[in-house]
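Take a look at the structures below.
Here come two complexes built around subunit A, the first alongside subunit B, the second alongside subunit C.
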Partner chain A sequence: MSRKVGIPGALLYYYYFPLWQAFFQALGAEVAVSGPSTKSVLNRGVELAVEDACLPVKLALGHVAELAGKVDYLFLPRLVSVASREYICPKFLGFPDMVRQTVPDLPPIIDVNVNLYRRQNKLYTAFRAAGKIFSAGEARIFLAYRRGLAALGKYWKLMGEGFSPEEAINLLNRSSPRCPQPSNAARTIPEDGPAAASDKAPRPEREKPVVAVIGHPYNIYDPYISMNLLKKLRQAGVRTATAEQLPETVVRREAAYLPKRLFWTLNQRMTGAAFYFLRSGRVQGLLQVTSFGCGPDSMTGELIARRAAGHGDMPFLNLVLDEHSGEAGVLTRLEAFLDMVRQKQEGGRPG
Partner chain B sequence: MKVTFPHMGHIWLCVKTMLEYLGVDLVIPPPSSKRTLALGVRYGPEFACLPLKLNLGNFIEASALGADTILMAGGCGPCRFGYYAQVEHAILQDLGYRYELVVLEPPERHVGQLLSRIKVITGNNSWRQVYRGVKLGYQKIRAVDELEMAIHRLRPRETIPGSADRAFLEALREIERASDLAELAVAQRQVKEILKSVPTEERDVLRIGIVGEIFTLLEPFANLDIERRLGRMGVEVDRSIYLSEWVNDHMLFGLIKGLRSRRDACRAALPYLRHFVGGHGQETVGSTILYARAGYDGVIQLLPFTCMPEIVAQSILPVVSADLDIPVLTLTFDEQTGEAGVVTRLEAFVDLLERRRRGRGRVRQEGTESKRGLRVTKA
Partner chain C sequence: MVKGYLGIDAGSVSTNLVFLDEAGRIREALYLRTQGRPIATIQTGLRQLAESLPPRVAVRGVGATGSGRHLAGVITGADVVKNEITSHAVATSTLIPGVQTILEIGGQDSKLIILRNSLVVDFAMNTVCAAGTGSFLDQQAARLGIPIEKFGEIALRSRSPVRIAGRCAVFAESDMIHKQQMGYDLPDILAGLCEALVRNYLNNVGKGKEILPPVVFQGGVAANAGMKHAFEKALGLEVQIPPYYNVMGAVGAALLAREKTVRGLPSSFKGFQVAQVDFASGGFTCDGCPNTCEVVEIREEGRVIARWGDRCGKWSGALAERKTG
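What follows is the complex of A and B.
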């Protein structure tokens, strides 16, 4: 009987799930994902977490609790660093331990260290350690790892084309890889990127204003946590652009305008993307989504807000989410923001 | 050039000594106060942690006294502190303060980068001079730390309320006045005399270890003077981080032997927290374990609101507390923290520890109870 590996549908699930899934499946394991996020998942997480923890961590604990007892292993890699001389955030470093000390009835946890802080460190080290648990041979582990990387490459390509993580994962898991239209249709790829898809879009679509949504992937792509933000924006008649559509080279080039290199990978992407969108003039509004109590966001959010203020008439909204966020309040602010966006597009000055 | 720097406990004494020794003009910001905090809260990012807001207030207040250059430490994460200087500088720029910024970052490529940044401040002094200045600064901060440790022992045992604190201020002035190593040695003998003159009696006191984030631990304004409050409630405190130990661990690569080191704490933390998490998260867990092993009655964790490494530690401490049977109280500080709330919780915690002790039948002297109890004086 194949063993079941549980992967919480939270945190960096949105960046790496295809890699993890393909890897474990190639080793003959079954992969179970928790989710989607619901009120009860979040409530469970809030019960387990310390009060001061941030929203994504609380939600992730809820996802873990949902898997506990239903799977043979929990895959919670310790994501120390995914890029040279960068970290993610202290809570990612401590997450497996936080889980171990707070969630009851846990199966064995696979908490291999992913640490690429030093340039000579290899990603394969982590996967080799994880593969050993399934008593697979060296060659089989390596092949599984390569298969995982290939899946991840395809996944990021799809996201670059404007598919949301959910759509991209569905596409990958369905073997016929053709899907109607990416939902993030607003292509804002720079001059040196592939040809902008928005130019191919039907005419009325092209005339819609574009709003850049800047935030951690686990906040903006989780429909429950973001209260369907991306969908709401599209229904309101705007196109959305996110950091995940931009190539790594672009976000890093833009983030280099900061006075000091950021040591948080995710925030580097967010900040670089925000700077790019502001500078390129291809967006008509900037919507920043942060979660209450997020440390890195409190710093880069400030830098992004200051940069946006420097672009005088750029509509800017900072949306702070927590477990008490009410949908009505968010809607009101969103409507006001969209009014400004439309005014800007029509050429008038907002406000 | 008039150099200023942010407050953190008695670090001002160390920096002042070094810079004055090298003939650098400096402005010490007024001690952190409600006004400092109000300035920081008004202009700082809403969700930034308390130290950033106080730093910002310090710089604004120092600017009024003529400071034009900021001297700050940097860092390479994942704690937010590593990006403080840049964010604070951006805010000050937008507010119209023209500050030069000198950040002592850990060198990225070679040590020359760090040395050249130091040179901006030290100017024409020879490296030999710089070394002497740093050495004097370090010795002073070690002297202050030893003084604090002595005061922690004296406070719960003083027979005249407030005498230990008066002695502390007097001794601090002695240390501050010393302008070279020979004078410092004389000052330290003087300090011993001052401490001896505090009338005390032997009492069976509670012992509490204070752990947590370094700024909140070291800055009495940030932690509402928790050490003094506990001392006056009849508790002997120990702190998991003293500035000299931190400097030895992080800047001198453990060169000075015989000091307590973070390594012991991190090793102790391993069964519960297997990886460093930035800041002092792992030290907090480890120190709690070490205090439990050393027979302390309780542990108090201090953190600024939203502090990431300490939240990881906070999530783990309940299990440590249950496993090792040691009560742990977590206190979070930000601009909303009220004195009364903190005092109430401290009193309740001390009460609890006392009951536990009595339950174990370890309190022998009957007279001690009334002396401890709920006697809280305004600091």
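What follows is the complex of A and C.
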């Protein structure tokens, strides 16, 4: 019988899941993902978490608890650094330990270290350690790793085309190649990007405004935590653009406009994307989503807000999510923000 | 025959109704306490408005705003349901052209709206904390045994306001009690409270916002002269209070209804007789998934006319389908 590896559908799931899934499947393991976030998942996480954990960590603990008695292993890689001289948030680094201290009835945890802070460190080291649990064959592990990387490459390509993480994962896991429309229909990819061809596509009669939604993927793409933000925007007749659509090179180039390099990889992505969208003139509004208790967000949130203020009349809204957020307050702000966006679009158009 | 537009602001503490004539002049304005019964209060408002208006009135459009805007919308059949921020901005920029800053403090909400060239360019709203809103002032006035209407007048008599910790309503209250037990004068305490609330407002809602004149102060709390004085002192700017300061949201909703229906579209207003219709609201907890949403149902004469509160749209969506189908 194949062994079951549990992966919580939270935090870095949104960045790396296809890699992890393909890797374990190639080694003959079964992969189980926790279900969608719900009130009970969050409540469970809040109960388990230490007081000053941020909202996404609390939620992730709820996802882990859901998997806990149902899988043979929990895969919680300790991501210290994924890029040279950069770090992932310290709460991610300590996440496997937090889980051990708080969640009851845990299966063995695979918490291999991913630390690429020094250039000579290799990502494969971590996968080799994880692979040893399932296979003795060095070659088999390496092939599984390569298969994982290929899946990850496809995943980011799909997101570049405007598919949300959920849509991209569904597409990857579907054998028949169908081509549905990506929900993030706004094509804001730069000059020579792969979407340049899409300009030939028939345009809607009235150009819908594009709003850039900047935030951690585990916040903005989680329908429960974001209160269906992206869907609400689309229902309100707005196209959305997110950082995940932009290639790494663009994001890094834009973030480099800061006088000092940001050493948080994830926030560098958000900041770079926000700067790009602000500068590109292709978006009519910037909506920033930060989570309460997030250290890096409190810093880069302010950097982005100030940059947005420098762009004069660019409508900007910062939504702070926490477990006490009332949906009514969020809706009121969102509606007023969209009024601003539309007003600007109409006012800015001659005649 | 009088033709015009109806604006309803269903707020947490007050429910306000205005009637604008076609030229946009305010013919009637009502300010009612919601007292926890939004539907009944809207109906009372409609009844009173119908009585004070001439018998033959044509309502060309209805706009609803406020935290109870969706409720007000389904009950009256509003043409426009708009958030409070846009409504206030529309009203003020129409009545006071050139306004650049709107300070709005209501019962539970406080907002700051920044306008440039009559367009909203930035706004902020208080988040989870209601310190510094009308409810808190109400509560403190009641505790001190002074009518809320006298609050501002007494505060203006102060010669040296006492410094009160205004970060949190609960701590502000303990601080006030402490100051009162130390023997400070009532006017100084009240003026100190106004200054604390203004400080809190400017530091939270007003954080990072560019407040430029003309500054307009509206919402129920603008009735408090002590608050106006404290704002002027803190900002170093003149603060104007518009004549209909406490019903501006409703004025904005009516103006938006006028904009919407100006092209001759018929209004979906159900008529003043909805004041006599039996409305009931109730709720249930959906057990379809672990989100256990609390779904609200509004019934008109026993028939469900609206549902909301479900995250997935299963209940609200089913109703919308039935309507169109």
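Remarks
Following the convention adopted for this analysis, the second predicted complex is superposed on the first by the 336 of 351 C-alpha atoms of A that agree within 3 Å, B and C clash if a C-alpha of one lies under 4 Å from a C-alpha of the other, contacts with A are read in each partner's own complex, and residues count from 1 in each chain.
As a convention for this text, contacts are C-beta pairs under 8 Å (C-beta built on N, C-alpha and C of every residue); 3 or more make two chains touch, one makes a residue touch a chain.
Keep in mind it's a predicted model, so treat the numbers as computed, not measured.
After superposition on subunit A, the partners subunit B and subunit C are seen to fit next to each other with no clash.
In the superposed pair of complexes, A:173 makes contact with neither subunit B nor subunit C. Using the contact criterion defined above for the overlaid structures, shared-chain residue A:78 touches subunit B, although it does not reach subunit C.
Of the two partner chains, neither subunit B nor subunit C is touched by A:249. Here the vertex is the CA centre of subunit A, and the angle it makes with the centres of subunit B and subunit C is 80 degrees, a multiple of 10.
In the overlay built on the shared chain, the residue A:260 is in contact with subunit B alone; subunit C does not reach it.
For subunit A, the partner with contacts to more residues, out of subunit B and subunit C, is B.
Residue contacts after overlaying the shared chain place A:91 against subunit B, while subunit C stays out of touching range. When the two structures are aligned on the shared chain, A:53 is found in touch with subunit B, with no touch to subunit C. In the superposed pair of complexes, A:2 makes contact with neither subunit B nor subunit C. Here's the short version: in the overlay, subunit B gets within 6 Å of subunit C at its closest Cα pair. Overlaid on A, the two complexes show subunit B and subunit C touching the same residues of subunit A, namely 320. Put simply, subunit B touches subunit A in their complex at residues 45-49, 74, 76-80, 82-83, 85-87, 89-91, 94, 103, 105, 108, 272-279, 281, 303, 305-309, 311-316, 318-319, 332.
Of all the residues in subunit A, the ones that touch subunit B in their complex are 49-50, 52-54, 78, 80, 85-91, 93-94, 96-98, 101-102, 111, 113, 258-260, 262-264, 290, 292-299, 301-303, 306, 320. Residues of subunit C that touch subunit A in their complex: 67, 82-86, 116, 119-123, 125, 127-128, 208, 289-292, 311. The residues of subunit A lying in touch with subunit C in their complex are 38-41, 223-224, 227-228, 305, 309, 313, 315-316, 320, 322, 324-326, 328-329, 331-333, 335-336, 339-340, 343-344, 347.
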